[in-house]
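The following pair of complexes shares a single chain, chain A, combined with chain B in the former and chain C in the latter.
Here is the complex of A and B:
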């Protein structure tokens, strides 16, 4: 009972802290940094989606940017056609979710091992990159939206109030919306992981065969987790298309897929805070690197990835919290462990 | 009739290229269970080695067939000793580390060579078939692929190194008890796989040209081929290359190269749905 209360207390505290940051940051940060910060927040949603399926679902997806990109393209194409952004927003979540479900059906139900799964999802992303890049002719049009090949789709209309295309979202508005979405996804995932469904998902990660012997169809649970992750990534893609008012096949590129992985592994798998922290930290480093010409960004990101895999394989957040526990809160943790032992 | 000859020749060339760019990966994965996501970058390095050597005045055949594999083979061994060997038995971490390596190598190549396409011209003329003209270099690629596969087979089947390597992969402890140094075998095998990737990169360089990011164009195809092929290294690579290369070429002929690649991928996903162990997991199980 006590442990449960503490868990909810932590969740409430996180929500309050998140809302406070959301309201305070625009007041204290300068406008240029706000633009950067908005993209960090959007990417953090993408990082969370991978944090869910990799860290909790145990699914090694190397192509999370595929769903991100599909969401962005779905939004851009639909909003150019419809004018109003309500249905396009929904499509940007549903289409990648369905795509993930379809892909997941073929892969999970074939019981492909996780390593192969990583390779195939990566391949799907790279193929999408090529396909979207090859759509530069005037014959490649969906409705009235030209796909534009490697040049992408420029001038993507922003989100608006439902049913009122003239009431478009301002740039500050996008920050608040993205922040709220990040918070909502975070809280939603926390609650989902506490639910019966989430417990089964984690059980499958821990020991798939045992979970199956207890009567849970691991393939189905993985499929649903994967689809949820795809849908969340699609939402991030929609916000990203709003942020840049532009979308190009680069979202499917190798660099983008690698970035998501790096955020999650640096932050720490098996936590939800980790991917957010990793995303903000790495994006900040990448921004700083982009401002100078001395070191190539790929070079640094690659070195970070190798370094973390070899030296800090658990990621920052779990390592730090483990260290803190060992140093300071030993009695506290001891009581927690005691409580857990009670059947 | 002439068209048919030309088309089958093109299909054969596609199969040979696919087999060439995949075989290094197949050896590293099949022997060592290491999924090397930096494979595309090994090909890229092989291409640059060939270009730099050719521009330095070395004969182009020596450059592509000798310099590329040697340079990349040595780089591969260094990488195995510094990164990969700490990660044996941890396939996920190996994938992540080699992905980091892939980014690092792209960054390094961009820093050194710049983000522009470099090329060398293909060192052979063309052949006349009826009313059609085909590049003689395509024929050379087919020959190289056949020779490389025959050589690999012979090395693993008949030489002392081949025997030691195969035994070490089966049971490293037993091999060590018999006086083999497993870590040296691992390093050499990784080097051989990297060298073959380098060779493929060198051979493909005159056709494709080389940019630092060219690895991404190869890596997807190579992985699909190796996974589709299944556990038998050579038979798997060849059978998957034949299947995917033929699908790619036929669809490309009927529509566009991009649709051809999509068909290749779709075929691979569907194939794995019904044969999760790959082609040689289902058929010719006893092949090498």
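Here is the complex of A and C:
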């Protein structure tokens, strides 16, 4: 029991810290920045989904935004039709999860190798971009929701209390909800990674053949991991549609797909904290760069990425925690930052 | 057909890589709890044979029966679940996990949490790995990594264990320990060992099968095999027709 508590001590600390930030930030940050911050939180959920499947599952998915976009569209279409947001919220998680499972079934069971996996997932995203872009015109309607082609779906109704469409979520409410969701996903994933299932997923990343020779069906474990990642990305998509009250095929674009990968690289693969940190840092820099005219924002971001790949290849969180570990801060770090082991 | 005390049987097993015949029509059979040594020069097809038995390679033709079940077209994890454990030639471990985690992943493939923990502890004690539990396997010496892989295979409690060069890169002491372990595990499982180290084979061998150019050259006791003219020629590289 004691050992168990100690094992979860870091998790409890991280949860308390997360809740404290969630309550404190709206008090100290100005309202305009809160709007930005809410989008960072939502995108951090998307980053976590890739952090899971790439960092732990060893599956490099170039099309994580596909599930994000499907989640957003599933929510928007369903909520316009239903009015109440309870089922649409569930659909925004289930539909991309199932889509990921279906895609994963064909790719993993055909034993598609890493590089092709990346290419195919990227292609799927771009196909979705083209398909959704081609849906302008009154004939492209699902229920009462027009798809709108490249113009997207405007005026997406916000989330509401279950069963009460009139009790819509305020903007502050969206921040708290997104923060709680981010925390829940983070805690949920950490617990999952500690379980037998998580252990096997990491073992498969380390050595797929050995895992299979020990009796684990690698295809199945990868499929489930991929589907969980898809579902989490879908949840982020739903929150994103709420944030902008708008959704367009741009969520399936190349820029969006690349962005997620950059967050995870900068923050560090093989950790869960890394993708969150990377996402916040890069988005914050991008916001600041957008406010000035001196330098092209993309040029600077590109330079930052190249700098990281060359100088900090492990990413921020693993590098910092390794350094602290070397300085004998290990007991403190180990409780806050989950153990990181990546080749 | 298959006699009841036969755990493994191959019929006309063959593997071709393009024009190269790696294994040619091998009929092999192994009794329950038998300890068999497999020897032969490099390229004789020993590792290919092992890889087919564990579904890492699909045979071109032929059939593999394990415990009366046809596993010719099975998946690696299914073969493992039926009860075949293999230690590959090159240490095949989870380098970025600790010794304890490596063995835990293996033990939990068969057992629930509590039994797996007990089994893992037992195996680590038997193999003298207890002092290394927290170390990353990738940081260990070659011989120690071999032990970790052996421990993982033993933790599976397979009915048949295939060991591809288990004593490679080990000191004399470690080799003796390995031989001892093999004899002990053999009380509950059939074992096939591929080795080049003749001293090691003498320590454990009952029946020896000699592979040469993908075929079974001879199958007999160690003494008879050592005295066999053909085996000497094969190992000394003397051509048969001059």
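Worth a mention:
The definition used in the following text is that the second predicted complex is superposed on the first by the 320 of 343 C-alpha atoms of A that agree within 3 Å, B and C clash if a C-alpha of one lies under 4 Å from a C-alpha of the other, contacts with A are read in each partner's own complex, and residues count from 1 in each chain.
We adopt the following convention: a residue touches a chain if its C-beta (ideal position, glycine included) is under 8 Å from a C-beta of that chain, and two chains touch if they have at least 3 such contacts.
Note that the coordinates shown come from a computational prediction; the quantities given were computed from them, not determined experimentally.
By the document's definition of touching, of the two partners only chain B reaches A:112; chain C does not.
Of the two partner chains placed around the shared chain by superposition, neither chain B nor chain C is touched by A:155.
With both structures placed on the common chain, the touch criterion links A:213 to chain C but leaves chain B unconnected.
When the two complexes are overlaid on their common chain A, residue A:126 makes contact with chain B while staying clear of chain C. After overlaying the two complexes on the shared chain, residue contacts for A:200 are found with chain C alone; chain B is out of touch.
Here chain B and chain C are compared by how many residues of chain A each touches, and B touches more. Of the two partner chains, chain B is the only one that A:309 touches; chain C does not reach it.
By the document's definition of touching, of the two partners only chain B reaches A:300; chain C does not. The part of chain C that touches chain A in the complex is made up of residues 54, 56, 75-77, 80-81, 85-86, 88, 92-97, 101, 104-106, 108-110, 113, 136, 152, 156. Of all residues in chain A, only 60, 62, 103, 106-107, 109-112, 114-116, 118-120, 122-124, 126-127, 130-131, 133-134, 253-255, 258, 261-262, 265, 295-307, 309-310, 313 touch chain B in the complex they form.
By the touch criterion stated above, chain B contacts chain A in their complex at residues 35, 37, 83, 86-87, 91-93, 95-97, 99-108, 110-111, 213, 216, 219-220, 223-224, 227, 256, 258, 261-262, 265, 268-270, 272-274, 276.
Residues 196, 199-200, 202-203, 206-207, 209-218, 341-343 of chain A are the ones touching chain C in the complex.
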